[in-house]
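Labels for the chains are A, B and C, by order of writing; each one numbers its residues from 1.
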Amino acid sequence: MRKKETASQKAIQQQVAWAAPVLGLVLLLLLPVFARYNDYVLQVFTHALLLATLALAWNILGVSGSISLGHAAFFGAGAYTSALLSLDLGVSPWATIPLGGVLAAGIAAIMGLFCLRLRGAYFALATLAFVEIPKVITDNWDGLTRGSLGLVGLPGLPSLRLGSYHFDMSGSLVGSYYFVLGYGLVLLVLVTLLFRSNLGLALQAIREEEVAAEAIGIQVQKYRLLSLLLSAFFTGITGACYGHLIRYLEPGLVYGLHFSAIPMIFAICGGRFTILGPALAALVLYPVDQFIFHPLLPAGHEFLYGAVIILAILFMPSGVWGQLRKGHFVSIKTGSIE
Amino acid sequence: MWTTVLVSGITLGSFYTLVALGFALIFGVTHTFNLAHGELLVLAGYVAYWLWKTYGVSLLFTFPAAILATLVVCLILQRLFSRLREPMEMNSIVLSFGLAILLQNGMLFFFSGDYRLIRVPTFNQGLHFNTLYLSYGQLTLLALSLLVIGLLYFLMRHTFLGKALRATIQDREAASLAGINVGGMGVLAFAIGAILIGLAGPLYGCVHYLYPTAGLQATLLAITITIFAGVGRIRTLILGGWILGFAESGAVVLLGASWRELVGAVMLITLLALRPQGIFEREQ
Amino acid sequence: MSLLKLEALSKKFGDHWALKEIDFSIDEGEIVGLVGPNGAGKTTLFNLITCRHRATSGRILFANKETTLCKPHEIQKLGISRTFQSSRPFAKMSTLDNVVVGRVFGGEFHLFAQSTDIDSAKQLLELVGLAHKEQTPAGDLTLSEQRRLDLARALATQPRLLLLDEVVAGFSPVAVKQAVDLVRRVRQRGVTLFIIDHFLSLSLRVSDRLLALDHGEKVAEGRPQEVMRNREVIRAYLGMRHEDEPHGA
């Protein structure tokens, strides 16, 4: 009797696991139409998508069990690299955005040198402190970065020419929206492949039982470094896109606590042992914040993020999506999207 | 010039020790990290600022209100921490990080994002000893910091409660076998920690600008000094505070004020890298 | 020819000798039981062989190669796997994935799990009797199932030498009997076994030889019956020290 129930529950879960993301994707693709090209709605969802990519990138490290409170270091590094290369050298953003990711990964390598021997809470504290280093350097290296004045007049997101078609990604909000959506989908596919690959298995094994992982031949430090580098790389790309999207940078903005906190909060609330959870949390929480709390509480509306993370860690440590999936986290075998 | 570094290093360092005390005590007794430490400090500062600005209350009489505010928040935080699952250290970081965001936004709502400073006119006057200049502000900061540190030292060394706290810090299991209520000690640590933050907050508001996100710097320096000292040694905490104070003052003189923030961060990362297993493991 | 050879192997923790001058060797295809009271140094010996801890002095040779200073993952690559006294499953991963990950990292690395990897992982689950639980998160298995999963995961790495740390502690007589069969089947796959077995319930039945430790020293080795008749071993198990020995005994 009980078994039957769990079987039907499982079937429902499987269906939810399939239907929800597919429905979500259709909604996202058609959103500009539904929103009747309303500027504000488009802006909010563009930003929500960008934050979703940030959360996805954060979770490449998160899935290995490390919690980073310092991803703003990579976000800021990516944003500044891409902005300066395109502003000062006139390089196309198509090239500078990936380079932003590369520099972010370079910074992650330095961070890894000092922090990867640390575990759990101590790793988190070290990352929290680490952000100060690129931030203060950016703030003070006036000759290169214009210091605390920040950068203005960044080129917009790159445009795409395919034959006679010309997708203008920077000129219109709809273009920017689809650019970020496209990047988000590419990242989602990559993250899914990564998590389902043997690398992903290794990262999860390290998270669950480091000693046992080592005993079956997993080189723990190598894989932890790899996940940090990949996570930083994509965080850097997201940072670069952010810069070209809002066309304005300032050290306190891109290296601020906000961009360290946000991906951690979305990933944990959504479910850091799942693939989709972090992105879903971003796509739900950020619009809720912007459409409901921001009008009510112009100053202080972000208390929402503090409240949800406290509730999540107390009552749902594996996140909402993780809870729905009831222990069916990432697997090579289940055949579901997760 | 170096005498200035010396004086400001000792003043700043003593104050930093005061700022770190509450954090270190809570961490030592309960093995939880309170990342909202700096926000609590800024909150206490705002309470003092608000009383001083709107009602003209003198600084001395703002302390009780500031302590009351931090006490309420700290005891709520203690209740929340007590419901956390393992791993406690990690989960306490995430939870208190959430509380920090809550507090930042609360303060933004009530006090706006403007920079505030409690201006005590006499603090800018001072005494000259040959080339050495000491402002009354520095003197007050130094005296009050050392006084509070001294009081806590006395409490921990010579009272029954203090001894129970120290026993809990050194070995929780042995302490509980000896009949000490370890859970109760945790509540006590949060209460004393709150009082310490409530005392430091208004002073902080006199020497630093208050704004809703100012707390992170204070949190980082409290973590740095605590990790430097390990747990349960007030004398080592003072040493850590002074070293940080000197290092920051030195950096300001040598490199300029804008590099100051880097000192604490670099020191913390270095300390952690040297002691990768964390604080408690090393002592086993 | 000996597969594993220990030469004067010693380990000191602080002032305490956890192991002292152990000389021993295991031949290919043998099943050897490692017995002794609590604190005899059994798990320490496993930790030295798998290089989780470094020997204070002495040498370890595996297949004629010195491995004393290897890293844990290198030891695994050479062909030594182990299970743990308290089993350590990857709790949030499915039972099948637990075994697949052993297979993937024990063998040749591919970026994506091959169907052969998954098939052989399924066979191993069949072997240990967990085939019906392959999609269950490992953390939801019972304790004895987790022990068997540990064994399957270790076997998945295709070891030449498998170290089993207390696989049957707390098992019912029926479960012990199943474990005896299981160990024999593992041996048929060509794996040499070294088994820690405090209560002797498994090793007396399957072992070709026993090594008995007490207080970090080797007190006996040889055929199970001989070792169990050894006065030193009996004394160690009854908890008597030399000074406790009654006069005239």
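The rule we apply is simple: a contact is a pair of C-beta atoms (placed from the backbone, for glycine too) under 8 Å apart; a residue touches a chain by one contact, two chains touch by 3 or more.
In this text, all values refer to a predicted model and were calculated from it rather than measured experimentally.
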Inset, instruction - Please list the single chain whose C-alpha centre lies closest to the global protein C-alpha centre. - result: A
Inset, instruction - Give the label of the chain whose average Cα location is farthest from that of chain C. - result: B
Legend entry - Highest-count interface - the chain pair sharing the most C-beta contacts: A-B
Legend entry - Between chain A and chain C, centroid-to-centroid distance (C-alpha), Å: 43
Inset, instruction - Report the inter-chain centroid distance for chain A and chain B in whole angstrom, where each centroid is the mean of the CA atoms. - result: 33
Inset, instruction - Report, in whole Å, the distance between the mean C-alpha point of chain B and the mean C-alpha point of chain C. - result: 50
Inset, instruction - Could you pull out which chain B residues touch chain A in their complex? - result: 33, 35, 80, 83-85, 87, 89-95, 97-106, 108-109, 112-113, 213, 216, 220, 223-224, 227, 256, 258-259, 261-262, 264-266, 268-270, 272-273, 276-278
Legend entry - Residues of chain A touching chain C in the complex: 196-199, 201-202, 204-205, 207-209, 211-220, 273, 318, 327-329, 331-334
Legend entry - Contact footprint of chain A on chain C as seen in their complex: 50, 52, 72-73, 76-77, 81-82, 84, 88-94, 96-97, 100-102, 104-106, 109-113, 118, 134-135, 137, 139-140, 153-154, 156-157
Inset, instruction - Spell out the part of chain A that touches chain B in their complex, as residue ranges. - result: 67, 69, 114-115, 117-122, 124-126, 128-133, 135-136, 139-140, 256-257, 261, 264-265, 268, 297, 299-303, 305-310, 313-314, 317
